[in-house]
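For reference, the structure discussed in these notes is given below.
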Amino acid sequence: MTRETPAGDLRLANLTKRFGIFTAVDDLSLTVPQGSFFALLGASGCGKTTTLRMIAGLEEPTSGQVLLGDRDIARLRPYKRPVNTVFQSYALFPHLNIFENVAFGLRRRGIRSVDDEVLRMLSLVQLDDYGNRRPAQLSGGQQQRVALARALINRPQVLLLDEPLGALDLKLRRQMQIELKRIQTEVGITFVHVTHDQEEAMTMADTVAVMNAGRIEQLGAPADIYEFPATAFVANFLGQSNLLAAEAAGIAGDEVAVTAHGARFSVPAGRARADRGPVHLGVRPEKLHLVGSADQVPAGHQHVTGVVTDASYVGVSTQYLLRTGWGTELSVFTANSGAATQVPVGSEAVAYWDPRHAFLLSRDAADSDRTAPVVDEPVGASS
Amino acid sequence: MTRETPAGDLRLANLTKRFGIFTAVDDLSLTVPQGSFFALLGASGCGKTTTLRMIAGLEEPTSGQVLLGDRDIARLRPYKRPVNTVFQSYALFPHLNIFENVAFGLRRRGIRSVDDEVLRMLSLVQLDDYGNRRPAQLSGGQQQRVALARALINRPQVLLLDEPLGALDLKLRRQMQIELKRIQTEVGITFVHVTHDQEEAMTMADTVAVMNAGRIEQLGAPADIYEFPATAFVANFLGQSNLLAAEAAGIAGDEVAVTAHGARFSVPAGRARADRGPVHLGVRPEKLHLVGSADQVPAGHQHVTGVVTDASYVGVSTQYLLRTGWGTELSVFTANSGAATQVPVGSEAVAYWDPRHAFLLSRDAADSDRTAPVVDEPVGASS
Amino acid sequence: GCGTKGAQQTEAGCVSEDLSGTEKKLAFSNWPQYMDVDEKDESKRPSLDGFIAKTGIQVTYTEDINDNNEFFGKVQNQLAACQSTDRDLMVLTDWMAARMIRLGWIQKLDPAKIPNVQANLLPSLLNRSFDSENRISIPWQSGLAGLAYNGDVTKELRTVDELLTRPDLKGKVTALSEMRDTMGLLLGSNGHDPANFTTAQFDDALNKLKKAVDSGQIRKFTGNDYAPDLAKGDIAACIGWSGDVIQLSSENAKVQFVAPDSGVMLFSDNMMVPNKATHKGNAEALINYYYEPAVAATLAAYVNYICPVKGAQAEMEKIDPELAANPLIFPDEALLSKSKVFMALDEKQEKEYEGKFQQVIGA
Amino acid sequence: MTVLAQVPTGSGQPPPTPPAARSGRHRLLPYLLLLPGAAWLLVFFGVPLVQLAAASLYDPSGSLSTGYALTWAFGNYPDVLQAYWPQFLRSFGYAGIALVLALLLGYPLAYAIAQKAGRWKNLLLVCVVAPMFTSFLVRTLAWKTILSDNGALVGLLRDVHLLAPDGRLLATPFAVVLGLTYNFLPFLVLPLYASLERLDHRLLEAASDLYASPVQAFRRVTLPLSMPGLVAGTLLFFIPASGDYINAELLGTPNEYMIGNVIDSAFLVRLDYPQGAALSFLLMAAILAMVFGYLRRAGTEEVL
Amino acid sequence: MRVSRWLADRWVMIVALLVLGYLALPILVVAGLSFNRPSSRLSYDFNEFTLDNWRQPCATSDMCDAVVRSVQIGFIATVVATVLGTLMAFALVRHRFRGRSGINVLIFLPMATPELVMGTSLLALFVSAGVPLGFWTIVIAHVMFCVSFVVVTVKARLAGMDRRLEEAAMDLYASEWQTFRRITLPLVLPGIVAAALLAFSLSFDDFIITNFNAGTTVTFPMYVWGAAQRGIPPQVNVIGTAMLAIALLLVGLSSLRGRRSRRANLLIGPGQGPQARRPS
């Protein structure tokens, strides 16, 4: 509620939350700079909501600190924190109409004339005529927008968004994203944003953190994480990756030479997280190009040969599956830019890539190939 | 519950639902062939959930029929219908644990030994160890998976899925999609699937219907709709489109000539929904290619010139905004395949396209350009 | 058509059958703790068990009379309609007995079957106005309504006027909600005869009471519930009943019953056989049995009210000489001469006086 | 397929109910649900009530022995109102004050049991009704012991000068109100508990996230959401409390007597049935008027 | 600071315990007196410690019969009234029909009727219909005055209950009855339990109406009332204390067992799981 002074950075220090013997958030530490847009990604059940709830003060940490600037707010009451939340479950007040739901925070802070502000907010979330309805009379997406408006209207120092756009159609979601971003930059709010929409995270966030089983697995600028993931989990969680089980033979020059399934490949040293022993050789599907035969592969590129087993059209692009000689399936995305010709299913094809687009990750000796479309293993347990 | 005979096609005939004076579903008619995968897309609040609820028997239609095969089931009690639903709000039973939630349908049908089946279902949704928990002890995504398992386990003739994967991370969502598709083809269930994930709709559905304000706006195979949308609403709702306000001068040969902002373009007659008067000339962003100058445009292609005002990286691709001479912003997607070079923001650039990728839609005379990133107008009201 | 019929019954209109010859049963309704019980085994009732042993009549003894008015409410519908109350014998106070007799709801007893009554009933209880032949309602126990005080919390008390005016008693006084007891004492304190008074005299006495109520002197009007309060000292002085006070003084000698010189009220609780009771003969046997002095003494030794049976005092000597000497159980002439029985009222008077009295006591 | 095998097969499937029949049954359903309870009330309460209504219009000059004539003596009503309006006022006054006290005591109790008691919930609920397991007379006697002029409580209050040296608690309006509060508290707490029990905790979280202090969260969220229970509890407390007379009789003095005492005396002591019946009907009418007025104001027509 | 925080977190529970203390106060007196050897029959003061009363709780003739009878009556009346009242509550909350307000009056009137009036007029009905008074007339009377309390209490719980769960059940092949049995009933159960507790305590504690319609049958409150005319036997305190002790013991045991078995968890309501809202 104190908005006079800037809040300062939001810092979580060794934050842990246990439910009984189950550890939902595990010794989490991170810093969200003031006024930045921070996206939290992670598998279902990995502890995102729990983390937000601890920041909001709705869940008491088992241990650890929540700091806003220099102030430890972990023991502060929720209503004393300059923090608002868009709840994953909305938590709209069923006995109040939409207008009053949105006005709630302002009224509690003793602000009298809320009408203009509320109407502006309702209009922002495109619910202009819905002020008089009860939450029960709205569709799922409409309810979610009310939840968004109800939190946004308070322009807190920190805004926690728990999948705030998940129930919206793509078009509306993009519009809302732009609004969110605008408000965030205009007002300088610190956003902590949980989303399952990776494009959303990528386009909006200054920093992305990928969480796994209660811990941060990687944290950084969206492009950095995407282009050079730190672990197999991240490589496959954020977008898809073709990960070939390989053995690295150490740095030679500024390259690392690897052997996979008898073939030899190389990766620039700067893109190797490990340079010796069992590794994953990773290439993103969109970095793979399909050609009919090995002699069409441009110079300086590396390639594997296989048979196209599936092609699926997804509008912007077509996704192919290429079964390699040793049995692994590689995923290849081809933009439907109208230029490339379609590759028929069943035909032999060669996938090639520029070594500068590959990356090396360390690998447990037991792990074998982890290409994108493998579904038989649970997510949470990976790498 | 009668599963002896195949159900037959699901047909909605002139289905209408009003809440007071508000018409949520407006004279809707459509046929979902037996065993097919039907995706329902539409803006938030357009009546998707209401439609599903009428099929399930949870909402009494104001008028119209719901037919399964030849049987009008619109007056049948919900529990007499061979239909199950994954509810948008989950509607898990708070007093039952996860196991019992999933077992509920089987038990109600008098099946005694449910253990194996339930455990198999829990494992399918990757919640093997959660059987003893109460819904309140699960994360949002975990709850959604329980809702999915609870409906799937019954293998009904018609399965209604109301954003069943919306709360799942991308990776898990892909896995669940594959599972859903597998069950659907194996068992021959008719799926009616509401989703905001267009890729999901595209890859999974045999037929996609785009709903707008209680009505079906276009219905067809995913690729057909995407490649050749019927209305401006669909063109912009499903993926993005650059729509230039233009005047068509009628068919000449097998082409339609149009004028937009003083420039002349042509579109194959087969891709024109209107050939005279005010039209929208549409091109998908991924069908646009960026080059530095007009002389780089390949022969037979058409182009516009502009200034790059924004470039945003989304992993698989980069999205550019190109401001044309007359002020409209065009959206251009370039795959990050590593081949194309980045175009710096602020530089002049030329976007070109193959006329065969363009399409013509009719346009109200008052409408002007409707390019993709316009956000100032509400979705529901469009075209 | 609408309205109610009169509740009045006549002997001819409501004939009862006596099955005593064939059924050795008796349903006896009485007040709680109005029957002797064995100190060691409280489930045994020595005198009653004696009767059963002697006659072979199975007595169903029910303690379901707590209040005359309440009990009247319970049975009036049946009796007014000439239906059975499922009771062969019941015990009610004089004025209620009088009312029921007046309404024709009570069966006459056969004097030949109750010789002990004729022989042993205390002379002062003979020929009361509502039962001049002593064959409708036979006293079970009698008692006195007088003053009582707790010497622990106040000094001695002698007169009704003191009770109603002494400042140190303010708010620590109760009177009985039984109109006849309270008003009888007040009438006496005004020098009028409770057995024979005029409406003006009644109003006079009532005024006196009203003053005491309005001034806060009288804390409340009670049934039996004054007793624990008196014992505790929450109540310093009151109008109360002899039997209760004897109980209390046996514990704490400072609690005293006072028979003011202006008079005490004598009442009896009477055994009666209601209409449609089918075991009148058995009831007569029981009545007769309780008028044996030895039996009466056994009973009196427990309940401590005035024993209406001549010769019981002598029997009591054998049981408990101290009780035998207690004038509140076996009253002497001096006390008996001070005691009055409240005037018999007809229905109209009853309604009028009760109405006025109730108004003063708050209801 | 395996799936088909799971489903009971055979032709025992009843044909779908025709629409008309279903909606017909639907229309009848509420009446069927009401039938047993309503019939019970009509027979065992409604019929006697009609008789009572007649009694309230009997000729007041009738008597038990001669009987009463139904003369439509509407004058009975103004007569008793004239005579007993102070007791009427007192009844509602005491019941109202007791209600306020009971709300102050009962709401936190109901809330704690519903939301904070965890697995002690059952135990605490039983504790709420426990006093009823002793007889009302016994517990009132116990109160008399506690409030006794010579008891520890009065002694203490006198020592700290909250009570004059000769002051007392028993036989005062305080004792009567206390008795009412005590004896009817469970009637307020239980319905309130029932509706607070389903309060969604996440709404309180949302409120506190939106700057609502605990007091505001209570005022704006908890209270409105518990309205059905609050209204029900208020009624279950106030209605019987205003008709009560035992507390006034045992803990008060004639100056505290309530309308129940008057009715009691009219029926049992004075045997004035027309007056008693008229008083009863006035009481019922007053309570009904208040109840429906209250329900309208509370905006819970829905609820009740 | 610490202290105020601690208080702020717990004051509701503290107040609740204080209120429970207030409710328990007279019972403590009663429990204490159950170990008393009274100085006389009329005394209600603590005199001397003894275990006699507990050793022979039924010593006073008929008292234990009365207790057993009251428990039986309370049990039957509670079951019948709870069933009838719950049905009525469902009709009133879940259906719109003609005559609702009439039914509402019929439900409120009994609560507004002075007990004495109810007792005597019901008695008049029984007598004029020639119904023999006794156990069953008491039961009839008790059901009659308990029903209203049940209806109001259950309605309070039912109002605004999330219909979506019932819809989900129906979607999952649960017929109306099964939906009621498996979903609605468990969710409304706290209300029904509260109503049943009210009904039982009303029945077990009723004196006035019972007294008029009992004939020669004696219930526990009637016994106590009667006994009080000549002083309360100390065993009455034993009964009061024992009833409470037994109730607490039963519930305590069941809640201990309830930690393991789900079914025993009767009174603990399900609350509401974290579902998105949209009751329709």
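Remarks
Read from first to last, the chains carry the letters A, B, C, D and E; within each, the first residue is number 1.
Just so it is clear, a contact is a pair of C-beta atoms (placed from the backbone, for glycine too) under 8 Å apart; a residue touches a chain by one contact, two chains touch by 3 or more.
The shown structure was predicted, so the numbers you read here are calculated from the model rather than taken from an experiment.
Touching chain A and chain E at once are the following chains: B, D. When chain pairs are compared by contacting C-beta pairs, D-E ranks highest. Of all chains, the one whose CA centroid is most distant from that of chain A is C. Chain centre most remote from that of chain B: C (centre = mean of CA atoms). Taking the mean of the C-alpha atoms as each chain's centre, chain B and chain C sit 93 Å apart.
Measuring from the averaged C-alpha position of chain A to that of chain B gives a distance of 22 Å. Each chain gets a centre from the mean of its Cα atoms; for chain A and chain D, those two points are 57 Å apart. Multi-chain contact residues of chain E (touching two or more other chains) are listed as 44-45, 120, 124, 160, 187, 225, 228, 271-272, 274-278. Touching two or more other chains at once are residues 89, 91-92, 94, 138, 140 of chain A.
Annotation for chain C: residues touching 2 or more other chains are 70, 73, 225, 228, 232. Here chain B touches chain E in the complex through residues 1, 56-58, 77-79, 83-85, 87-95, 97, 104-105, 108-109, 134-136, 140, 143, 150-151, 154, going by the rule given at the top.
For chain A in complex with chain B, the touching residues are 19, 41-45, 48-50, 88-89, 126, 137-142, 144-145, 162-163, 166-175, 178-179, 196-199, 202-203, 222-223, 226, 236-239, 284, 286-287, 289, 312-317, 333-339, 353-354, 356-357, 373, 375, 378-380.
Contact residues of chain C toward chain D in the complex are 1-8, 69-70, 72-73, 76, 80, 102-103, 153, 171-172, 213, 216, 218-221, 225, 228-229, 232-234, 347-348, 350-351, 354-355, 358, 360-363. By the touch criterion stated above, chain D contacts chain A in their complex at residues 200, 202-203, 205-214, 216-217, 220-221, 224-225. Within the complex, the chain E residues that touch chain C are 39-45, 56, 58-62, 120, 123-124, 127-128, 130, 132-133, 211-212, 214-216, 218, 222-223, 225-231.
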